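Below is a structure I'd like to ask you about.
First chain written, first letter: the chains are A, B, C and D, and each begins at residue 1.
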Amino acid sequence: MFTLRSDLPLRGGGSGRFVASLVMVLVFIAAFAVTLSSYVGVLISGWERGVSGTLTVQVPAGENFDAEVAKTLDVLARHPAVAHASLVPRAQVDALLKPWIGEGAVKDLPLPALIDVEMRDSDPAAVAAVDASVKAAAPRAVIDEHRVGLARVASFARGLGGVAAAIIVLVTAALAVTIIFATRASLTECAQVIEVLHVVGAKDGYVAGQFARRALLQAVTGGVAGLALYAPALGIVAVLAARVDPEILPPAHLPLAHWLALALLPPAAGVLAMLSANITVRRTLAAKI
Amino acid sequence: MFTLRSDLPLRGGGSGRFVASLVMVLVFIAAFAVTLSSYVGVLISGWERGVSGTLTVQVPAGENFDAEVAKTLDVLARHPAVAHASLVPRAQVDALLKPWIGEGAVKDLPLPALIDVEMRDSDPAAVAAVDASVKAAAPRAVIDEHRVGLARVASFARGLGGVAAAIIVLVTAALAVTIIFATRASLTECAQVIEVLHVVGAKDGYVAGQFARRALLQAVTGGVAGLALYAPALGIVAVLAARVDPEILPPAHLPLAHWLALALLPPAAGVLAMLSANITVRRTLAAKI
Amino acid sequence: MNPPTPQVEKKLPGDTISLNQVGLRYDGGPEVLSDLSLTIAPGSFHFLTGPSGAGKTSLLSLMYLAKRPTRGRVLLFGEDTTAAKRTRLAIMRRRLGVVFQDFRLLDHMTAFDNVALPLRVAGVAPGVVQRDVTELLKWVGLENEMDKHPPALSGGQQQRVAIARAVVNRPKLILADEPTGNVDDAIALRLMTLFVELHKIGSSVIIATHNHALVERFPFPRLHLEDGVLTRMPAARN
Amino acid sequence: MNPPTPQVEKKLPGDTISLNQVGLRYDGGPEVLSDLSLTIAPGSFHFLTGPSGAGKTSLLSLMYLAKRPTRGRVLLFGEDTTAAKRTRLAIMRRRLGVVFQDFRLLDHMTAFDNVALPLRVAGVAPGVVQRDVTELLKWVGLENEMDKHPPALSGGQQQRVAIARAVVNRPKLILADEPTGNVDDAIALRLMTLFVELHKIGSSVIIATHNHALVERFPFPRLHLEDGVLTRMPAARN
């Protein structure tokens, strides 16, 4: 029996505003934890994808160098498993080497040509097919699959992802505990209301339902307010982060799942508050005859 | 007039335990924020130090190569501004270059010798003195001060440090707001106590003091409990983090300042709760004549 | 005013209330009520007297199902309350009207809503609620205070709201604890008339009171408690 | 029992309390008290009567400094309460003893601690507190309930604790709102004797009550309020 009429002080007193304010603050914190974890997740998977979907083809210096390079590029461009292949400009190769062998040395070196290859598809069969085509065009060419990097990044992803998940689980658990405490505390004010409703013959479900509905409303209100506060705060952090070298903190598109998780915070807080109100009231009632 | 006797339900009811539990949960979250920020700080300053205190001396290949290298090493070893100088093994140089120019090419290259130098002192005068000495020993030698790297790391440090600080400020502000709300909410139960104390002739300071002391005690208790929870949770996160490649998440010695900041959380929470109780009670009293 | 003779209206199956060898103690303390056996017939009217601390409120709280006896049995409207389910007890409470010694009004509701509460909990139609509550509040002299909240009412006004709440659903059994302690004699008489009217249309009434003038003025039988023991028995046994 | 003649003990400088053209309204409502002027002489004893809602509690609340009049002036012990600082008001309150109509006991304290509260707030030595409180609780017949908390006391027992708290610091002015509404006649008499004893050693007393028997039994003058207007004046002017 869902009635809109309530026997409780809905907008009233400290208690109501209190659960709402508290949920606001906590959803705000939790939203940051979720964002941090999503961002780390995006970085990780970006690296993983960046590495696992690419190959580097080296064509060593030697006779027919230019012809071999041109042919290799042509073969790669037309290979069905390849999305994109491009020669790394000599200036860039020089820049990469300069820290290690000095400016003077680099100029004189007979450097190999490097070709960055983005694969459409990175399963071993496709890699083998590309390898075969390249070898046909330039027998001395070497394909580097970034296997070592891949293994390292994968271990990184697992480890850092685990830590991020642990932190978000801890924060969410703390959030849940707090909402439960807060809801129960806000009910201590209402002992008399419970008592009177009980005495005039209200059934347990009626009484518990009244409080559960109120707690739900308060927590959802607070949760939405928390997200409303989070938005500009995230803006500030994003502006600060944008001033950092983008190679270190690359701008990332947070996935839809992240925004969904944020959108779920208020209803989740509401359900928690509702359940804890319901249980608390029923326990209070069970102590009466 | 500080009396130990209290007119308030000290250990009593939901209200008391509630502020304590809430502060516990929040100090737990804040401790994690502080730890994260400290850890980032340690990583940043580690990188900064690692780069800013080092030089790389390149001795290009050519005639008298071995003699020049030996002489340079000797000069560096005896230079007062140098803490430590060592030749980078050829294998390591090869490994550095391999990804860029391929295994085959590396073997045949006339690579320069690289000498890692750790400075005792990294001011420009010392660097210039080392430069002069090295040039005397091997005229073609080049000193790389890592200036570019330094600038980049410094910008990284500033940016990431700013973001970390922003997040910790936000979490701490949220913590403060919550403690204030919680303390005020726990006082709504006590309206009658305030009323009665007022009516029997207690002065404002006496009434406010009673509540402030109780709030202080509750918040400090909660804060200490929060740290007690944080310790094992940090242990779990540390164990998880240790399974990540140490080059990505290097184990860091958190500075004393970090532990001091954590130790300050409970008293800070206590002072906040105390002040907000005091102000709330005085405001309640001011509404009476 | 009618004499307290056994009532014409006897719609209810068994006795209104019946206590059998009942004892009550508060967590481990001495027995506040001992060996109480009494039967209240339907449509009867009793005063409950006794010195302060004798156990009047405790006895009433057994009757309005706020406490379980530590021994003995309480039967309400012929049903054993020990065996009954919680939902059943809630239904039984709706046939009771209770005036608490300390009123127990809800401060966040207006006087009107406080009185309307039992009707709303029982799911009575809004129109009926409006009519009954307004009429009753007029009768107790609060037509101008309907929209005030209890803290804005005087002590006597609060007491009248508490009485109105207790009788608004025309209960089968009215239990009133010191219902005239805060009003003057004129209003006390008016309130007593209300109880007598309800008694006439079939309610059983028990009024705990210290007001000797009241007890003497109305010719209803008296139950007298002294130290947890009943020294004057219900009407039916007199 | 002494007659209510002006007292021998006249330690206090001015009049105990004096209201001058006082009016009171609750946030924007009609005036609950209008044009009230009265002077209570030191060592006097008055009953305050009037129908429910007449303004008795409101008048007392002006006297015990819980409300400011919306117009007019209230002088307590010769001091203008409008001008006084908060600390000064607190000191003045310590010379008052107030029995609230709804008791206002602190549920988390025992009966003993509730009664001890005014002494402790005033910084009285623990030995004295122990002696005075015990003695007083014996006098009101609660020697066995000292360690109980208010929710474990009967209505009349709570009322007696409230009275003990009001008089424990031998106040210069006792303001009691319906102090015998929940006790039987024997205890009411005993409590009245307590007020009379305090009156004899110099306290002024004002008791708001509906209990006509009490008013008739004691030969003290009556202030009568009717709709916020004083229709019977204090003793000195009779």
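Criterion: a contact is a pair of C-beta atoms (placed from the backbone, for glycine too) under 8 Å apart; a residue touches a chain by one contact, two chains touch by 3 or more.
From a predicted model like this one, the values you see are computed outputs, not experimental measurements.
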{"item": "Labels of chains that are neighbours to subunit A and to subunit D", "value": "B, C"}
{"item": "Far-end chain from subunit C, centres as C-alpha averages", "value": "B"}
{"item": "Chain centre separation in whole Å, for subunit B relative to subunit A (CA means)", "value": "23"}
{"item": "Subunit B-subunit C separation of Cα centroids, rounded to whole Å", "value": "68"}
{"item": "Separation of subunit A from subunit C, taking each centre as the mean of its C-alpha atoms, in whole Å", "value": "63"}
{"item": "Interchain centroid distance [CA atoms averaged], subunit C/subunit D, Å", "value": "31"}
{"item": "Contacts with 2+ other chains: residues of subunit B", "value": "13"}
{"item": "Graph class of chain-chain contacts, one of line, ring, star, complete, other", "value": "ring"}
{"item": "Touching pairs among all chains present in the structure", "value": "A-B, A-C, B-D, C-D"}
{"item": "For the subunit B and subunit A complex, residues of the former touching the latter", "value": "13-15, 18, 21-22, 25-26, 28-29, 32, 36, 56, 58, 60-61, 93, 96-97, 99-105, 109-112, 114, 140, 142, 144, 152, 155-156, 158-160, 162-163, 166-167, 170-171, 174, 177-178, 181-182, 184-189, 233, 236-237, 240-241, 243-245, 248-249"}
{"item": "Of all residues in subunit D, those that touch subunit C in their complex", "value": "26, 49-53, 56-57, 101-102, 145, 152, 154-157, 160, 177-178, 181-187, 210, 212-213"}
{"item": "Residue ranges of subunit D in contact with subunit B within the complex", "value": "64-68, 81, 86-87, 89-94, 96, 98, 104, 106, 108-109, 117-118, 120-123, 165"}
{"item": "Contact set on subunit B toward subunit D in their complex", "value": "1, 5, 7-9, 12-13, 192-193, 195-204, 206, 285, 288-289"}
